[in-house]
Amino acid sequence: MLELAVQNLLSPIVLSFVLGLVAAGLRSDLSVPEAVAKGLSIYLLFAIGYKGGVEVAAAGLDWRLALGLLAGAGLSAILPLIAYGLLRAMSRLSSVDAAAVAGHYGSISIVTFVAAGALLQSRGVAYEGWLVAVAATMEAPAILTALWLAQRNASARSAAGVPWREVILNGSIVLLIGAFLIGWATGPAGMAEVEGFLVAPFKGVLCLFLLDMGLVAGRNLARSRSALTVGVVLFGLLMPLVGAVTGLATAWALGLSVGGMAILATLAASASYIAVPAAMRVALPEANPAIYLSLSLGVTFPFNLAVGITLYLAAATWLSGG
Amino acid sequence: MQTHTATRIEIIIESPALRALTRELDRAAVKGYTVLPVLGGEGRSGPWTAAGEVGSAGGMVAVLTMVAPERAESVLDSVFEVVSRHIGLVSVSECRVVRPERV
Amino acid sequence: MLELAVQNLLSPIVLSFVLGLVAAGLRSDLSVPEAVAKGLSIYLLFAIGYKGGVEVAAAGLDWRLALGLLAGAGLSAILPLIAYGLLRAMSRLSSVDAAAVAGHYGSISIVTFVAAGALLQSRGVAYEGWLVAVAATMEAPAILTALWLAQRNASARSAAGVPWREVILNGSIVLLIGAFLIGWATGPAGMAEVEGFLVAPFKGVLCLFLLDMGLVAGRNLARSRSALTVGVVLFGLLMPLVGAVTGLATAWALGLSVGGMAILATLAASASYIAVPAAMRVALPEANPAIYLSLSLGVTFPFNLAVGITLYLAAATWLSGG
Amino acid sequence: MQTHTATRIEIIIESPALRALTRELDRAAVKGYTVLPVLGGEGRSGPWTAAGEVGSAGGMVAVLTMVAPERAESVLDSVFEVVSRHIGLVSVSECRVVRPERV
Amino acid sequence: MQTHTATRIEIIIESPALRALTRELDRAAVKGYTVLPVLGGEGRSGPWTAAGEVGSAGGMVAVLTMVAPERAESVLDSVFEVVSRHIGLVSVSECRVVRPERV
Amino acid sequence: MLELAVQNLLSPIVLSFVLGLVAAGLRSDLSVPEAVAKGLSIYLLFAIGYKGGVEVAAAGLDWRLALGLLAGAGLSAILPLIAYGLLRAMSRLSSVDAAAVAGHYGSISIVTFVAAGALLQSRGVAYEGWLVAVAATMEAPAILTALWLAQRNASARSAAGVPWREVILNGSIVLLIGAFLIGWATGPAGMAEVEGFLVAPFKGVLCLFLLDMGLVAGRNLARSRSALTVGVVLFGLLMPLVGAVTGLATAWALGLSVGGMAILATLAASASYIAVPAAMRVALPEANPAIYLSLSLGVTFPFNLAVGITLYLAAATWLSGG
C-alpha cells in the first residue's frame, strides 16, 4: 500500500501538478494561456464522457444507472449539510461563507475523477462506464443546498439571483452528458475512429492540464493565504475523507465493482472548482471567493490527487474483501 | 464632422455576473453594449490573472456602453442594481459620438 | 442506402455537430474559445492539404490537375449566377442580399470537404489527392461574380472596396495550398514523420471542430431567425442539390473516380462560411450578414453533413455504374 | 507632471473592416493607434459573441487612437469614410497625454 | 445616482514592462488597476501584431486605473517613472465613479 | 553531405517555416492565434524536457552532467563578448544595441535545439539526454554579460532595472527543467504512459510551430528591413558559425558523443528569441528591438534551420573521426 502510494506520487500526472505549484511558489511567469487551459478542459470532458458512453454501449445498459443517478444527486444534495456543520464547528467562517464552501464539497471535480480513472487504469482495475453520467448529476444539487443554507441564516435576498438555467446547463455538464450520449450511440465502432485523439494522447494532455492547475492553485494560495485559517485547512483535509466514506457506503449499497466504489468515493470526496465557484459568485456574491477557491483547488484537490484516491481505492478493495 | 453628446459608461465586473448585467442593460433599453476581455488586475482582494483559468469564476470583463445623456441616469440605476452586490467598478464620462441613432 | 445514411447520422462527427446545436439551443454557456477554434481550423486545413499533396506525390502528377483547377474556378464563378436567379425567384431578398448569398454558394466549405473525405474513408472509397488544390481554387472566383451581380443592380460604389489581395491570399487558401505543396514535396517519407499528428488524431479533432460549428451555427440561427424566411431556407436546401448536380457533371466530364466525383459534388454543393462572409462584410457591407451566415452555416452545412454527402456519394456510385 | 491636451478616438468596428480603417488612419497621418480585442456585445442586430468563431466575419475589434486636437477633425473625417458603410461606433473625448510628440 | 469625480489613467505599454509598472502603481498606493489585452497597433516603430507571438517581448497591454483626483498627480509621477524609458502611451481624463471607496 | 543538406531542406519542418515566411511576404492574413502559439511552445518545451529526463533515467546519471552545466553557463557568459566585438567591428550599431544583440547570441533558442534533435533522430544519431538541462542553463548568463557590456559603455542607469528573478525563473527555463526532472523521476515507465502525447505527434506539432515562426519572422523582417544593414546581416550569418566552433570545441573537451557535439554546437550557434528579448525590453529599453528580434528570428534562426545544423552535425562527425 505504501509502495503503491509512492508510485502514485511519482506519476507524471502528480508531478506535473507539483511543477505548477512550485513554479507559482517561485513566482515564475510560467503560465498557460486562458484559451489553451479552456481547450484542454474541453478535451478532457469530451474524452471522459465519450469513453464512459462507449463502455455503456459495450457492457449493455445497467439497471443500476437509474439508481446511481438518484444516489449521486442525493449525495450532492446532502454532503453540503455535513460540510456546513463541520465548518461551523471547526472554523469561524460566517454562515454565508460556510454555505458557499459547503456547496463546493457536495459538488464534484471532474479532473479528480479523471485522475482516479488513470490510477485505476494503471492498476488494471475496471469501473462502470455510466459513473460519468452520475458525475454530471452531482454537479448541481449541491448548489441548491448551499443556497438554502445561506438563506436560512442570512439575508433572504440571495434567492432571486440564482441562475438556474445557467447552473444546470453549464458547459461542463452539457459537454460531459453530450459526449457520454455520443459515445453510447456510436459505441466501440465510433471509438475506433476517434481513439487516436481521445485515448492515445489522453494522459499526456492530463499532465499539461495538471501543470496548469498547479499554477492556478499555487497563485490562489499565495494570494489568499490569510483567508485560510488552520480550522479551514483542516476542514479541507477532513471533508474529503467524510465524503469518501459516504461515497463508499453508497457505492457498496449500489453493489458497484471495486473500481466503481473507488470512483464514487472520489467523486464524493472531491470539491468543485469550476461550476460551483461561478454559481456562487452570482448567487452569493457576499461570500469570499478567496476562501472557497483556494480551499477547493489548493487544499482538497492536491490532497485527493496525492493521497486520497490511493486511499479510496485501498478502502474499496478492502470493503469488497479483495 | 457633426458630433452628438453621449455618456460613456465603462463597467468592470466578474465574468459570472455578466449575464445579469446585460439582462439589466437590455431592460434599461440601451441601444448596445460591447464586452472586452480583461487579463488581470489588482484591487482590495489582491492581484489576479486570467491566465490558466478554466472556469469563469476567476475572471473579469469590461463592458462599454454609450447612451444618450438623457437616459444615462436611468441606465446607471439599472447597472448599479447588479453591480452593488458585485466587485465591479463603474465609471462614467462624457463623449461625443458620430451617429446619434446608435446611443 | 438508407442504412448507410443512418450509419452516417450516427457517426461521432455528425453527432458532435448535433451536440453543439442542442447546447446552443438550450442556451448553455458551453463554448470553445475563439483561439482554440482557430487553432483547430489551422490543424484541419494543414492536415487535409498535406494529405492531398502526399497522395499526389505517391500517385504521380495527373494531367487532369490543370483541367480540374480550371473546372473548379469555372464552377465557382458560374454557380453564383444560378444561385442568384434561384434566390430572386424563390425569396424576396434585395438584389444586394441575393448577390452576397449567391457568392457563398459558388465558393466552398473545407469542413464539408473534410466530412465527405471521412465518409469516403470509412466506406473504403479513394479520391484524387489533388482535389484539395481544386478546393482552394474554388474559394475566390465566386466573390468576383457576386460583386458583379451586386454592382449591376445597385450602387456602383461597391467596386472600390474589394480587397483583392486579401481575398485571394486569405489565410485558409494560403495554408491549404502551402500544405498541399509541402505534402507533395516531402511525399510518403515526410508523411511517415508527421502522421502521428496529422492522421491518427484527425477524426477526433474533427469532432471537436464540429462541436464548435454546431455551437456557432445554433447561436447564429437563434439570433437571426427572423431573417430566414421560408423561401430563403428552401433555397438553402435546394441550392446544394443544384450545386451537386453541376459538380457531378463536371467530375464526370473530367473522368474522375467515384470518390473524386463525390468530392467535387460536395465542393460544389457546399457554401463558404469563413472566406466569403469576411469578404462580403468589407465589399458589400450593405448586405445583411444575418442572412448569409445563418443560411450557410445553419441550413446548408447541416444538410450536407447529415444527408447531402451520403446522397452525392450514392449518385456518384450510380453514375459510374457501380 | 505637465500634460498636453489630446483627442481620444475610440472606434468599434467589424474585424474584416479593420484593414480599411487602419489604411485610412495611415492616410490621415495619425501618429499611432492600438487595436483591442472584443469578446461580444449587443446592438440593433442582436447579441453576438466571438466565442468559437473561426473566421473574422463574425467578430469586432476596438481601435484607439490619440490625436492632437488640431488634427482630430480631419482624422474623424477619414474614419467616417470607412465607418459610414459599416456598423462601427465612433466615440470621441478629450484627454491629456504625458508626451505630446506621440499624438 | 450620486457619482464622485475620479481620474481615469490609461497606459499602453510593452508587456515585459508590465511588472515594473504595476510595482510602481502599488508603491503609489492606487486602490486597483485592470490589465486589458492588446491585439496590435501601429506607431513610430511601424505596425505590429500579437498574432503568433510566443514570448511577451513583442506584445503590449493596456492598463487602466481610476484614482481619486487628489492622488492623480502623484500616481502620474510614479507611472512616468516607468513609462519614460519605454514606448508606452499615457492618457488621462476625468470621469465619475459610482463608489468613491474604490478609487 | 550535399544530398543530406537537400534532404534536410525538403523536410516538412523546414518547409513549414518557409510556408510561414512566404505567407508573411505575400501579406496574407494567415496567422496563428497568440494563445495557440504559446500553447504549442509549452508543448514543445514540456516534451523535449521530459524526453531528456527519461533518457537520463534510462542511461544512468552521467558525471559529465555537472561539467556540462558549468560549460554551458560559461559558453553563455562568454559568447556575448565575442559577439559584441564582432558587431562593433562589422556594423555601426551603438554600444547599447550591440550589447543587446550580443546577449541574444550567448543565450539559446530551444526550437533550434529541437530541430537539431529531429535531424539527429532521422539520421539515427543519439545524443546525451542531459543536454536539455545544459540548454536551460545557457538561457540566462548571457543576459548578465550583455548588461555588463551595456553599462560599461553607456548610462549606468540600466543596472537597477534588471529583473533577475524574472530572468532566471522565466517560464521556459522553469518548464524545461521541471519537465526534465519529471522525466528523470518517472523514467521509461512514465514515458510509456505519456508517449502517445509527447512522442507520436511531436514532429507534426513542430511543423505547425515552425509555420508560426515563419509568419512571425517574415512580419518582423518586413517591418524592420531598414534596421538590418549589410554588416548586421553578415554578423547574423557569421556569429552562429563562431558559436558552433566554440560549442564543438567545448563538446569535444567534455568527451560528448557525435550527437552531443552537434547539439552543443547548435545551442552555441543559436540565438534567443523569447527570453532575452523580453529581458532586454525591460533592462535595456534604449536598445532597438527591431534589430535584435529580426536578426535572431529572421536571419540566424533560418540559417541554422536550413544549413547550420546539417553543417554542425557534419563537423561533429568529422571531428570524432566518423
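Note that the chains take the letters A, B, C, D, E and F in the order they are written out, and that residue 1 is the start of every chain.
Criterion: a residue touches a chain if its C-beta (ideal position, glycine included) is under 8 Å from a C-beta of that chain, and two chains touch if they have at least 3 such contacts.
Owing to the predicted nature of the structure, the values given are computational and were not obtained by experimental measurement.
> Determine the set of chains touching subunit A that also touch subunit D.
B, C
> Give the fewest steps needed to get from subunit B to subunit E, where each step moves from one chain to a chain it touches.
Shortest path length, in steps: 1.
> Could you work out which chain's C-alpha centre is the most distant one from the centre of subunit E?
Relative to subunit E, the chain with the farthest C-alpha centre is C.
> Name the chain whose C-alpha centroid is most distant from the C-alpha centroid of subunit A.
The chain farthest from subunit A, judged by C-alpha centres, is D.
> Could you state the distance in Å from the CA-based centre of subunit A to that of subunit E?
38
> If you average the Cα atoms of subunit A and of subunit B to get two centres, how far apart are those centres in Å?
The separation of the two C-alpha centroids amounts to 33 Å.
> So how far apart, in whole Å, are subunit D and subunit E when each is placed at the average of its C-alpha atoms?
18
> Note the residues in subunit F that touch 2 or more other chains, in rising order.
In subunit F, residues 29, 31-36, 38-39, 166, 200-201 touch at least two other chains, as defined above.
> Where in subunit D do residues touch at least two different other chains?
Correct list: 36-37, 47, 56, 93.
> Judged by the touch rule stated earlier, which pairs of chains are there in contact?
Touching chain pairs, listed by label, are A-B, A-C, A-F, B-D, B-E, C-D, C-F, D-E, E-F.
> Contact residues on subunit C for subunit A in the complex?
10-12, 15-16, 19, 22-23, 26-36, 39, 122, 199-205, 207-208, 211
> Under the touch definition given earlier, write down the residues of subunit A that touch subunit C in their complex.
Touching subunit C: residues 33-36, 38-39, 42-43, 46, 50, 165-166, 169-172, 174-175, 178-179, 181-182, 185-186, 190, 193-198, 200-201 of subunit A.
> Across the complex, what residues on subunit B touch subunit D?
Residue list for subunit B touching subunit D: 1, 3, 6, 8, 22, 25-26, 31-37, 61, 64, 66, 93-99, 102.
> What residues on subunit D touch subunit B, complex-wise?
Spelled out, the residues of subunit D in touch with subunit B are 10, 12, 36-44, 47, 60, 62, 73, 76-77, 80, 83, 89-93.
> Of all residues in subunit B, which touch subunit A in the complex?
For subunit B paired with subunit A, touching residues are 14-17, 19-20, 45-59, 85-87.
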